[in-house]
Every structure is written in structure tokens, then in C-alpha cells.
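Below: one structure, written as C-alpha cells.
Residue numbering begins at 1 within each chain, and the chains themselves are lettered A, B and C in the order written.
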Amino acid sequence: MSEFSILLPSVLNGITTGALYALVALGLTLIYGVLHIINFAHGSLLMLALYGVYFLAAGFDIGPYQALVFMPAAMFAVGYVLQRFVIGKASHDRDENILLVTLGLSIVIENLALYFFRSDTRVVDTPWSFETVELLGAFLPLPKVIAFFGALATAAALWVLMTRTDLGKAIRAVAKERKGARLVGIDVDHVFAMSFGIGIACLGIAACLLMPSYYVTPQVGHGFVLIAFTIVVLGGMGSFVGALIGGLFIGVVESLGGLFLGESLGQIGIFAIFILILLFRPTGLLGHKV
Amino acid sequence: MKTLAILAVVFAALGVLPLFVVSDVWLNSLIAVLYAALLGQAWNILGGYGGQFSFGHAAFFGTGAYTVAVLQVQYGINPWIGLVAGAAAAGLVAAFVGALSFRYGLRGSYFALVTLAFAEVLRILSNSVPFTGAGVGILIPLDPGAENLQFAHKSGYFWMIWAMALAAFLAAWWLGHSRFGARLMALRDNEDAARALGVSALRIKLGGIVMSGVFSGLAGVFYAQHYLYLDPGLAYGPAISVESLLVPIVGGMGTLFGPLLGAAALHVLSEVTRDIFGDAPGISLAIYGALLIFIVMFLPHGLAGLGRISARRLIRARPA
Amino acid sequence: MILSVSGVSKSFGGLQAVRDASLDVEQGRIVSLIGPNGAGKTTLFALITGFHKPDAGRVVFNGEDVTGQAPERIARLGMVRTFQIVQPFAGQTVRDNIAVGAHLHRPARRDALRKAEEVARQVGLADRLDQDAASLTVAGRKRLEVAKALATDPKLILLDEVMAGLNPSEVRDVIPIIQAIRENGVTIVLIEHVMQAVMSLSEHTWVLNQGETIADGPPAELARDPVVIEAYLGHGMATRLAEEAPVA
């Protein structure tokens, strides 16, 4: 029974962290599912969004949750412009080139952040940052609980967007058959940029939900990018449900791995999963495609 | 044979340069360029000639570096033996990564991600196990002398990196003039067609990654002996992987001299940046990143391709 | 029999691409495989040369069971294929392209390059040796496809539509090249849509329809068999064949 009392908080903690991972991975999997590209700059764009939330709070007294009004739109614009004018122009029909260009973007964003903001760790203090919620005898930080439900709500909204709107239909058409979509008059480049923008907008939401319980430094994206990749390959490239379940799963693995192996070694579990999935089931454990 | 002659002239010229260069600043520059050229040529062997883009060459570099360092510090083994062991260990890691990836047909972005993951696993491991010094790092005791592969004067390190780079460039030259190289390039350009002509994809790619890994490991050995200090971030961190691919991409992938060209260009760029911005953190790397984007977008053949294009334009511009 | 295919089948998902196909090829002959689009000809080539694993059946080459073996191993035994959609090593010269094939049994670079030049002369690419393979015309690329395979010194060569997309005069140029290959002792299996070529080159033809080998015989005989022709090559083909036959 005593083992259970250690395990349960750890699992619950893992699930709340996992929901945020899922949110970051949702954007990545959407971009992969539609454009068939791996966005290496995903982590550094999340870092950018976190700085956005920080400066809104520090400079304009706009709290992280109020920032939800601005950040998704701002990040959408960043994503749209990047895809339309940089990434989309660079592929030359080789997917490695996309990887290189998004790697280049991540280097630029990260190091400009380092140049302008230095490597100081910045946090946003809110009165409720340290409040907790009791669940089944475990105490969970309030911001993480809010983030958990926020992530679920975003996933639901994304699902509605993809299945119930004209834009969603166009995106799915392009994802399935880009030549055919072009033939019936869909502006494929625009849809690509919209998809990329929506994927990056998810990072804007994730940043708002993450900031109250986290911090930002120029390198903060590193920790997220490989985890997000792992979730995406685990859930099946392009699968929303897969990203959600994969995110929760990885959150729990990380939490339990940390409990049993220590913080640093615990991460190896994640990479081991990543490598094994890539080798044996590159289509993912669950279904695939948007 | 012509390229071999050019190669000989270039390295001979590089070799006599220190006789005229007295300032340590210049010698340091030469060392930095040759070191980057070695890293880049190692990546170029697999990425440029073989078409397999690795995002995790730090896995091989770090293994070479840690091998020579750990053998010296923990077991008192002479670094000359460590040099051979480091290159061999890096080759072994490369063989392991390659056997797994190529056996399961990983290509393109998937291969890139898997190599990156392997490097990260090694970084975390070296951060956790005691014999690497974990997060604190490992310090090689200062004891200059050729028998210890440490040099009191910079010129010793110059000759060390000169010889290593020469070996890597000779290996790359050999790729352009051997059956193995022809097969490696055939697989890069069209795997099915190559297999139809009797080329064993698995075996040749394995050969490519091992060769690449060995030279990356040599660069790691040099790093360890030159700076006498390693930690997990330095040895297995993403910076090494990025530098490895940036150098040949800037210079020209799949060309013999691309990595040297890229190494020189990047060195000049970083010096110029330092003159303008001082030692502000981040700015020179940000410019590297921007350069990477620019090259992929507009100069897919790197600086070497630039030469080819302008030569063609010159010929075309001539009145017929 | 240098090549004996018996009862080979393959399906992809629900689609039965090849069903119980059988053929026997005698050493030193030129034979062909015809049939409508989607009949499974190229898939059968891929099954014979190891690019796909058959679900059932056996492929015996030169007395050795090679069913489901890797393409590179089959090539080393002496059976090579060309691709219907040409597969040059783009960015490399014609010489280097052919040398990849020549290296199969020639470890030394110098020998492989010499062989490449020799083969280039044989297929009429001698004047384009230093050209980028990607810059060749369609006819040139088809010749390169043959040259790469030929440079491996095969015992048997499977040519997949090497004349498709060529104009009649280009076809007339290629026919003697193929005949010369056979005269050097290489057995040839053709997939061909150009009936002029089938009639003038091959001594024996198999008709493939919906993945099955449904008839075989000398092409002239098949051409006189209106039932086979009408049923499997489409309406009106019988008369067309009869008109083209005298070319042989």
C-alpha cells in the first residue's frame, strides 16, 4: 500500500505533464500529417512563445491565462509566415532539406534569444502558482491541473476544426492528395501555411498553460523537442488521438523513470522508446494520418 | 589523379605555412580550420558521398574523446593507444547505429532523428555513470610531451590535426576513385537501381557510417588532447553534430574540398562576427543558423557549387 | 533451362498482382512477355529479381533456387533487370553510371571504367560518356539503362520496356543492339509493348493477363491466334498485328 502512495502522485503528476507534452506534440503531428515534414524548430518556437508570455506578464501585466487571447494568434502568424516564405521555399523535393532548414531556424531563434535575453531563468509569479489540488490523496499543483484540462480542451477544439469546418476539410484533402486538391482549386500553399500556423498556434496555447508552473530560458525548447518527436512517432505520425495518448504515456514514463532511476537517467527510457519505435514501427503503435 | 595532385599541393601548402607563421593567433586559426574540416569531412563521407544525413555525429565524436580521456585518467593508458582505441570505439558505435538503422531501412528524416536520439542517449549516459566523471566532466592531467600526445607549443597540435585531416581527405579522395565509393554514391543517387546492379545496400552503408564514425572519433581524440577537458555537453552535445553537418553543407556536400572550403568560410565568418559584435553570446551561432537556411534555400551545392555556376556562366557569357 | 519460374503468385493488400505465373527460358534465347497494362508484367520481373518476395511459387536461376533472395545476390549470380521507369544515378556521368554495373565483377576502378567505355560503344553511348546522365534524352536514358545492366556481365538480362517512348526510327536503332547482346551469349527476357520489337526480336512469347500466364508460343503464331489476341490484347489488335508481322 505504501508503494501505491508513492506511485499514485507520480503517475498523476506524469499525466498532467504529459497533457502539456501532448499539446506540444499535437502541433507537431498536425504539421507532419499535412505537410509530411518534421519541424525541428518546434522546441525553439515554444521557447519563443514562452518569452512572449513572460514579457506580456512582465511588461504589460497581462497574466498567462489572459495571454491566451493574444498568444495563439501571434504564434499562428509566426508559423504562417515561416512556412509560406521560408520553409515552403526550401525543400527542393528533399525532406532532409526541410529538416536542415528547420534546424537552421531553431539555431537562429535560440541564439537570438540568447543574445537578447541572456540565459537567465525567468518565471512568472502568480498568486496561485503554488496552490495545490487534492486528488485521491495526491497533491497536484493547481497550474498543472488547469493545464491538463486546457490541453484536453485544445485537442477537442482542434478535432472540431479538422472535422467540422471547411478549412479542416481543405486541410484533410491536401493531406491526403495534394495534387488532386490543387486540381479542384484549393490553394495548397495557403493550406500548408494555415496548417503550419495552426500547429504553431498550439504552441502559443501550450506556452500560456505551461508558464505558471514552469520557466523560460533560451534552451528550454531542447527538453521538449525530442519528447514531442517521441510522442509523435509513438502515436503514429499525423494521428491526433495518438499524440494525446502518447503524450500522457510519455509523461508517466518520464515521471516513473525519474522516480526509479533518477531525473537524468529516467530520460533514457524516453529515448529508448523513441529509437525502438523508429526502428520497428515507424508508422506508430496506433493509427496514423490526420 | 588530378584531384590527388591538388590535394597534395593544398596540404603541402598548409604544412609549410607554420614555418612562416610565428604568431599563435594565426596558428590557432589554422588549427581551428583543420579541425572543423576534419569534423566536416567525417560527416561528408556519410552525408555527402552516402546521402545519409546524420544529426548525431556527436555520438561518434564524443566516444572518441571520452575513450582517450577515460583510458588515460582511469587506467593510465598512453594516449597514443587511446587514439587508436578512440577511433575504433567511435567506429564501433557507428557500426551499431548503422546496423540498427540500415537493417530496418531507415532513410531521410527518420535516420536523422535516430542518430540524434543515439547521441542524446550517450550524452545522458555519460552524464550519469561515474567513470566519465558524470556531469562534472573529466580533466586530463597536463603533462606535455609527444609521448603523451600533448604539446607545449601550438605547432605540435597543428601537426596532429594536419595529419588527421590529411587522412580524412585522402579517404574522401579514395571514395571518388574506388569501387566502394562508386557504390556508396550509387546508393545515394538511386538505391533500387544500385541493388539491381548487385550493390549490397546494407554492407556499403555500414562501411560508410563506420568510416565516417572513425574520423569523427579522431576529431574527438584531438579535442580531448587539445583542451584536456570534457563534459557530456561538450562531447555529446548537439553543437558538435550541428558543426559536423554545417561545414560540408556550406562548403559543398559530396565534394572533396567542400569541407575545407566550408571550414575556412565559417572561420572567417565567425572572426568577422566577433569583430563586429564582440563576444556577445549567441550571435555567431545565430549567423551560422541563418547561413544554413540560406545555403539550403539558394545554394544546394554549397560554395563549391557557386564556383561551378559562375564558371558555367562565364562560358555561356562568351560570344559563340 | 537458365530460368524457370513455376507457380509464382503475389498479392498486395487485396489485389492479386501475379497469380500462378510460370515460364521457362532456355539459355541463349530472346523471349518476351506481353499483355495489357496492369497485367502484372513488371511485378513478375520484380518477383524474379528479388525486389518483391513471392507469396507462393519458385524461381530457379541457373540451377539455383533464388526465390525471395535479395536483388543484389541475384544480380551477382548473373541475372539483372532494367527498370521501366528509368533509374539513372542522376548527377553522375554516363561513364560513372555504367561503371557501377561494371564494378560487380571488377574491383579495380580502372577495369570498371574500361568496361564502361566498351559497353557504351556497344549501346551507342560512346560519344556521351562524360555527359550528366540526367541530361540524356529519353532514348539515351533507355540505352543507359541497358548499358548499366549489361556492364555486370549478366548471364540473363530482363529488359523492361526499353523501347517504350521511342519513335520508330529509334526503335529500329535499338533492335540490332539487343540482337548483338544475345549473340554475345546473354539470354534476354523482354517486356515490350512495341509489337514491332516483339515480332522481330523474340523467339517465344508469354501472354500475361490479370497476373496469369494464359498462353505462350512463337509470337507469329500468337499473332495468328485471333482468340488470344482479341481477348487479351484488346479489340482490333489482331489486324494490327497481322499488318505489322511482315516487318519481321
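Side notes on the structure shown:
Just so we're on the same page, a contact is a pair of C-beta atoms (placed from the backbone, for glycine too) under 8 Å apart; a residue touches a chain by one contact, two chains touch by 3 or more.
Just so you know, these numbers come straight off a predicted model, no measurement behind them.
When every chain is represented by the mean of its C-alpha atoms, the one lying closest to the mean of all protein C-alpha atoms is B.
The greatest centre-to-centre gap from chain C, using C-alpha centroids, is found for A. Averaged C-alpha coordinates put the centre of chain A at 32 Å from the centre of chain B.
Here the spacing of chain B and chain C, counted between their Cα centres, is 43 Å. Inter-chain spacing, taken between the CA centroids of chain A and chain C, is 51 Å. For chain A, the set of residues touching two or more other chains is empty. The touching residues of chain B, when paired with chain A in their complex, are 53, 55, 100-101, 104, 106, 108-110, 112-114, 116-118, 120-121, 124-125, 127-128, 135, 238, 242, 245, 249, 280-283, 285-286, 288-293, 296-297, 300.
Taken in their complex, chain C has these residues touching chain B: 49, 51, 70-72, 75-76, 80-83, 87-92, 96, 99-101, 103-104, 106-109, 112, 148-149, 151-152. Every residue of chain B that touches chain C in the complex is listed here, in rising order: 177-179, 182-183, 185-186, 189-190, 192-201. Across the interface of their complex, chain B is touched by residues 37-38, 86, 89-90, 92, 94-101, 103-108, 110-115, 118-119, 218, 222, 226, 229, 233, 262, 264-265, 267-268, 271-272, 274-275, 278-280, 282 of chain A.
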